[in-house]
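Heads up, the next two complexes both have chain A, just with different partners, chain B and then chain C.
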Partner chain A sequence: MAEKVLMKGNEAIAEAAIAAGCRHYFGYPITPQTEIAAYMAKRMPKIGGVFLQAESEVSAVNMVIGAASAGVRVMTSSSSPGISLKSEGLSYMAGCDLPALIVNVQRGGPGLGGIQPSQSDYFQATRGGGHGDYHMLVLAPNSVQEMAQLTIQGFALAEKYRMPCMLLADGTMGQMMEPVELPDSAPEMAEKPWALTGTGLSRKHNIINSLSLTPDELERWNIDRYARYAKVEADEVMYEEYLTEDADVCVVGYGIAARVARNAVNAARAKGIKAGMFRPITLWPFPKAALNKLATTCRAFISVELSMGQLIEDVELAIRCSRPVTLCNRTGGMIPSPEQVLASIEEAAAKLN
Partner chain B sequence: MAVVFERPHALTDVPMHYCPGCGHGIIHRLVAEAIDSLGIEGKTIGVASVGCSVFSYNYFNTDMVQAAHGRAPAVATGVKRANPENVVFTYQGDGDLAAIGTAETVHAAARGENITIIFVNNAIYGMTGGQMAPTSLPGQITQTSPYGRDVNTVGYPVKVSEMLSQLDGAAYIERVAINNTKNIRAAAKAIKKAFTYQTEGKGFTLIEVVSTCPTNWGLTPEKAMGWLEENMLPYYPLGVYKDKYADKN
Partner chain C sequence: MTKNILIAGFGGQGVLFTGKFIAYGALIEGKELSWLPSYGPEMRGGTCNCSVIVSDEPVGSPIVNEPDVLIAMNRPSLDKFEDAVVPGGDIYIDSSLVDREVRRTDVNVHYIPATRLSTERGFDGIANMILLGSVIKGSGVIKEETIPAAMSKVVSAKRQNLFDFNIRALALGAEVLE
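Up next, the complex of A and B:
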């Protein structure tokens, strides 16, 4: 590991991608993630990489598809409205089994929404966004260090499972300055015998394609892909637990919401309430089993989110509604305060007595 | 003459699904012959589009990727930027290229992207059963212009070669047709020249091929050729619309 440097979240993503060996970036400007594009525009030409500003997010994601087809480590980044436009491409990427990293620095919606932080693309990220039976890996960092680390891990996971990986951050984290340590070496590139590099007249032609007009064939492709997804769900779940061992009330939140939740948990503990925090780091695969296990001891759950009740559905599903789950949220660019979360914890705790 | 019917190496032996008299089969052959004659098959990557030619990924012997509707030039851009030493082409219909993919097309040309686009203009949406295309002619009857294309309500056809030739980034744009031997020869020459330019790093090349869709025009293959000559060629004049390197050839 190199020494620690102070960096903005967005810049940490860009620098980490470069450290991960990514030399191809395609994007389109949108607040609050434009620093990633600006950083890449500056750095890529200096290191023999490619930075290209596309004519739209639709084109950017299709350039990513082209570069991923050619076998290189490639990424794009955007914010909510841009991710909607990229969603067609995400579906194709999943259907073509192509690895790439897609960063969403979320802002408030729907529509043009606002430019302040949000987590309201949770459904879009975890339920697909594009059409068809598919999943993406969805990684949710809660610090600048983790933004860097999960960027690097995201490329490796995407290649390991041949699927798109989304880094789901938000406007606050993109702008936040914290010390970061970047690794000196990139993860090893997976073998890509499927990549389009030219046959060299020495092998059969490779075809990257998501079309099948034969229903039983398309069904087979989907079933095979879901078998791969099952492996991801078994092996790649990541989460953090904080003071959950004896907790009566557990706050569940990811990203920036988890930072607020942690403060509130400390405040609740100071008041004698046995509160804890559960932070999913992979939103897909969602840490269902771990959360369900927690529900055997913990008696109430609170979903803290910057959205109108999206994460809460996964919490309820994970614990199979075996405990009460309440919502503590702000939206539209607003962030819940530690006091608001503390009040929710107190309310939930009061109902237990 | 038997030699003419030999399959080019750059085509697979998979039987093509095109209707009798469809232009796609001829144009595939011309593309494959150009690839053969330049000896570039081993380093060529093709991008199939959405339309009747979607299965071209099964027909070309080169590495192939199938793009979403209209996105082929963006996908080709990604492939080319990843490995600039590869020769990259897209094969697109008029709905794909001139309606849903207009932005991708125009900006690939504007960037001078070093790729080759084979643009098949058959004045109709073939795959979906004969709807109006951006290149359908004024008055042309289609499934979605059952009273004839009314330019007062739906506007005029897009003349792609004329439009793109205005862009500084475009290196070579030519419109050709496949209605007779002479024109087919000219088409073959143009396609080969476009690929040659790409291998020389000269930038964006597009060959618009005026073609037929007998099935959705509701005509026999013979009558379709006649319709092409009488209706399409006057509206879409053949010729070189842009050649940045004309004097230097």
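Up next, the complex of A and C:
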């Protein structure tokens, strides 16, 4: 690891992608993630990489499909409305079993929405976004350091499982600066015998395709893909627990919401309330087993989110509704304050007595 | 110890740069820190603010709702954030641009005529650095000896004249703080 530098979250993603060996970026500008594209535009030509601003999001995502098919490490980035436009491509990528990193620095929605931070694309990200039976890996950083780390891990996981990986951040995470240590080595590239690299007439040509007009074949593809997803769910779950060991009330949140929740948990502890925090880092696969285990000791849960109640559904599913789960949220570009979260913790704790 | 700092003013006054200087100072001193700008359809002349947190502990929420230190570079910023400052906190004001006094009596107020000093003493365009000099001296958020290293992070070594120019503005700010 090198010396700590100060960077915006968006810049850290771009620099980490380059450190990870990504040399192909295709995108289209949109607030609040444009720094990623700007950074790539400056750096890629100097290191022999490709930066290409496409004429639209749809075009950019199809360029990603092309590059991923050729076996290179490739990424795109956008914010909520732009991700909706790219969702067709995400479904095709999943259907073709192609690895790529897709960054979503979320802003308020629906529609054109606003440009302030939001987490309202949770359902879209964790349920796939596009059509068909599929999942993406979804990673949720809560610091600039994690923006960098998870970018690098995202490429590696995408290649290991041949599936698209989404880094799900928000406007605050993208715009804030924190100290970050960038790694000095790239993860090893997975073997890609399936890639369209030219046969040199030495082997049978590869085909990358998501179309099958034979139902039993298409069903088999889906079943095979879900067998791979089961392996991801078994092996790749990531989460963080904070003061949960003796907690009566557990706040669940990811990204910026977890940062706010951490302050509230500290404030609650100072008041003598046994509060803790559970932070999913992988939103898909969701850390179901760990959260369900926590529900054996913790008696109430609070979902803190910048959306109208999306994460809360996964919390309820994970703990099989065995404990009360309440919602503490803001939306439209607003962020809950630590005081608001503390009030929710106090309310939940009061009901336990 | 944690210091929550809110810097507010018009776009173009150096609000984000001022925050960045403090952030680099904290980085050099090995502290935990966060720097978060307001972003949006802001433009030169519009309002702009920046949250900076410097701490010995990992920083939780990067949003400063209740500042220990408010740096108000214009009247709308003082109007908007005066009530948010924690009791016993500090308000540093560019008194050349703010035509009223602070109403609260439970905070420490420092009136620095930064913009007037910047024109009188040959520091055109960097009134923010004069104000920052007062803040560093008064709050101790970063150490005085960290200033040159922090400056070298924000001003390129190739522009030595700007380096000295900014250092002298900071010194003037420290000097005028009562």
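Methods note: the second predicted complex is superposed on the first by the 353 of 353 C-alpha atoms of A that agree within 3 Å, B and C clash if a C-alpha of one lies under 4 Å from a C-alpha of the other, contacts with A are read in each partner's own complex, and residues count from 1 in each chain.
The working rule: a contact is a pair of C-beta atoms (placed from the backbone, for glycine too) under 8 Å apart; a residue touches a chain by one contact, two chains touch by 3 or more.
It should be emphasised that the depicted structure is a prediction, and the values quoted were computed from it without experimental measurement.
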| item | value |
| --- | --- |
| Touching partner for A:V74 - first (chain B), second (chain C), both, neither | first |
| Partner chain(s) touched by A:E88 [first = chain B, second = chain C, both, neither] | first |
| Larger contact residue set on chain A - chain B or chain C | B |
| Partner chain(s) touched by A:P338 [first = chain B, second = chain C, both, neither] | second |
| First (chain B), second (chain C), both or neither touched by A:F26 | first |
| Partner chain in contact with A:L196 - chain B first, chain C second, else both or neither | first |
| Contacts of A:P179 with chain B and chain C, given as first, second, both or neither | second |
| Touched partner set for A:N263, first chain B, second chain C, both or neither | second |
| Chain B versus chain C as contact partner of A:G66, first or second or both or neither | first |
| Contact set on chain A toward chain C in their complex | 4, 6, 31-32, 115-116, 171-172, 175-179, 256, 259-260, 262-263, 266, 335, 337-339 |
| Of chain A, residues touching chain B in the complex | 24, 26, 50, 52, 54-56, 58-60, 62-72, 74, 88-89, 92, 96, 196-202, 205-211 |
| Chain C to chain A touching residues, read off their complex | 20, 23-24, 27, 32-37, 39-41, 59-63, 65, 153 |
| Chain A-facing residues of chain B, complex | 12, 41-45, 47-48, 54, 57-58, 60-68, 71, 74-83, 86, 103-104, 106-107 |
